[in-house]
Each structure stands twice: as structure tokens, then as C-alpha cells.
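Quick one: the structure is below, questions incoming.
Just so it is clear, A, B, C and D label the chains in written order, and each chain counts residues from 1 on its own.
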Amino acid sequence: MLAEFSIIPIGAGSSIGDQLAEVLRIVDASGLPYKINPMGTVVEGEWDEVIRLVKRCHKTIMKTGERAVTTISIKDRKGKPNRKDQKVKSIEKRIGKSLKK
Amino acid sequence: MLAEFSIIPIGAGSSIGDQLAEVLRIVDASGLPYKINPMGTVVEGEWDEVIRLVKRCHKTIMKTGERAVTTISIKDRKGKPNRKDQKVKSIEKRIGKSLKK
Amino acid sequence: MLAEFSIIPIGAGSSIGDQLAEVLRIVDASGLPYKINPMGTVVEGEWDEVIRLVKRCHKTIMKTGERAVTTISIKDRKGKPNRKDQKVKSIEKRIGKSLKK
Amino acid sequence: MLAEFSIIPIGAGSSIGDQLAEVLRIVDASGLPYKINPMGTVVEGEWDEVIRLVKRCHKTIMKTGERAVTTISIKDRKGKPNRKDQKVKSIEKRIGKSLKK
């Protein structure tokens, strides 16, 4: 399945970049295929491995902070692996032009 | 922590009420404190028990369907149990009037 | 259409209750049918009136704060007014029992 | 401000690629800076221009469909334009390595 997640530390002042860097270090080391974008991180894998990764990131933020808001969106489709790259390519093929990524 | 989740079965035609009823039966039987609203279900518990419940609901929808979109929003705050009811009451106290729930 | 929205002020310390009270005051005065829950506010109306309300709330938070994260989820269905109450009732009817709200 | 949005047509069968292609054509023609990812589209602009674009996309889907779920996440920060590219670069600088995008 494909999932996008985002973690917002609350009450840590308005610069939260150090905490997000910590999260991305964990994602990058996880071995799961991922892509970051300005609003969140898209990751591909089975339910348990994706959720385990998000939990580790969320708990890391909660270790130093008082409060966090974590959002997870899951798109699951039977028999469709490697959708992270295929989804965008499939749209581009239909439109007949390359889109900004 | 507090979490709200919503599961949308895709490709099952535009009436998805039977599938959502199945999900709510699972939530109601889970024993976790919950509240449903027209857009999703708010549930309170520890990370593992909340996520286990959402997984069971998601997998139930995927058993009969081809595709689903599941969204989970988590608000976590150290040392604040029973927030499901307290959060709304705290807002009402500040405003000095009862709100529609 | 039905919409749920939530506004999180960032960098305002970990107690954000006063700012959320301000938002709920605006919602309550808007005249649109709404229901608050511990994770957000569900409101029913046409696209423009719903979005105008969310914008007013978001801009109010940004007036005193540096940063905010606002999430809007919209469920739109042709020819289905008054869904705020009907959706939950329809699920309860299928299950044959009253759910926690 | 930065916003990510995603539109899910419901009841249109499980292949919704043609409708998403239609949406991306509108985004690409809008002139607003955007980036698509496998879960949604990130767009940067002022509140009104971003919301106008999302409305046009949502209404296009509702013209041919019965039902749609549209999600919009907004990250707003005073005095921080061009964040679409800067946010990711800022994280990479802190980590000291290039991430997958």
C-alpha cells in the first residue's frame, strides 16, 4: 500500500525543522521506498512495516516534545505493487505530457 | 492519544453504507472509548490499541473490496488522558456557552 | 456538502485553547449548521459558504500567530442535503443499534 | 501558503485515472507553482487562488460523478514565500544528505 504521513510538533516554537530532520533521518534509514514532498512523506510497503515506521517517527517527536499531530493517509489497492512511481506515470500517459514533480 | 479515522471503500458503487456499518460494528465491539460523527470516528487509547482497531477495520473493507482510502489523524499530548470529552468542555468553558455537538 | 475542518496554531506554545475558542466563536456565529467533535468541526453548506467560514477562521489565527496548519475534508454527494444527521442515523439503522456520538 | 490536495471520485468504479488526469490538466494549466506526488498535488499561492483551483477541480469531478471526497491541507507561515522548494532543501541541509524526492 501507499501512505503519506506528516508529523507536526506543537509547542516547540515556530521553527520545527530540527525535529523534522530527525524524522526524515529515520525514514531514510528504514529501507522502505519513500519520497518526500513539501507537505509530507510518501512511503510504500505493507501495513505493518509502514505503520511501524510512522510510530517510530511519532514517538521520537514525543520524546522531546509535549504534543504532536500526526496524519496518515493510506491508499490501498489489491494487486498493485510499486504504485509510488506508476501512479504519476499513468496520469502523465493519459494527459500526454510530463508534469512537475 | 486521540485519533480520528475514516475509511472510504472505492469502486464499490456510490452507496457505501453497508461497508461503513461493518466498520462501526467493529469499533463498537472494540471496547475503546469512541464517538462517531458524520465524517469519521474519534477513538481514544494508546497507539497500539488504536492502530490495531483501524487496521482491523481497513482489512475488513479490503476483504470484500478492491480499493480503499483510509485516513488517520492523531493528536497526542503527554499526561492528558480522557481528552475526548475534556477538549470540547474546555472550549465551551472559555467561550462561556454550550456548542452544538 | 459536508466538511470537517481543523486549525492548528503552531509556535504559540502548547496550550492553544484560547485560539480554538476564538475559532469556535466564529463558527457558532456563522449560522451554518455545525457539530464540533474532539478532533475538528463538521459543517454543512454550499462550497462557497463553507470555504468562506474556514478562511475567516484561518485568517483569525494567522492574525495573532506566525504559523498554522489547516485541514479541510469535504464529502460531496449530489442531491443529499441534511447529511450531517442522516449519515449517522443511516449507519445506526443498518447496525440496528444506537452508537456513541 | 503551501497546500496539498487530493480528490477521490466515489462510485466511478475502481479505475479513477481518467478523472485524475482531468484534474491534473486543470492544475497544470492554472499557472500556479505545483508538484504532484503519488498521493496528491502540492500547490503554492495565496488563499484565494489556491482555493479557486481546488474548487474548479472538485466541481469538474462532480460534473460527471455522483460523489467525491476532497482533502486540503494548508501550511501557512508569515513571510515565507517559495517554500515549496525551500522546505525540502532546509531539511536536507540539516541532515547533511540528499533525500529521495
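Descriptive notes on the structure:
Quick note on the criterion: contacts are C-beta pairs under 8 Å (C-beta built on N, C-alpha and C of every residue); 3 or more make two chains touch, one makes a residue touch a chain.
Just so it is clear, the structure is predicted and the values come from calculations on it, not from any experiment.
For the pairs B-C and A-B, the larger set of C-beta contacts lies at B-C. Among the remaining chains, A is positioned farthest from chain C, on the basis of C-alpha centroids.
Chain centres here are Cα averages; for chain A and chain C they lie 25 Å apart.
Chain A and chain B have Cα centroids lying 21 Å from one another.
Distance between chain centres (mean CA atoms), chain B to chain C: 15 Å. Multi-chain contact residues of chain B, defined as those touching 2 or more other chains: 14, 66-67, 69, 71, 73, 75, 77. Residue ranges on chain C touching chain A, taken from their complex, read 8, 10-16, 66-67, 69, 71. Interface residues of chain A facing chain B in the complex, by the touch rule stated above, are 47, 51, 55, 58-59, 62, 66-78.
Across the complex, chain B meets chain C through its residues 2-4, 6, 14, 17-18, 20-21, 24-25, 28, 33-40, 42, 71, 73, 75, 77, 83-85, 87-88, 90-91, 94-95, 97, 99-101.
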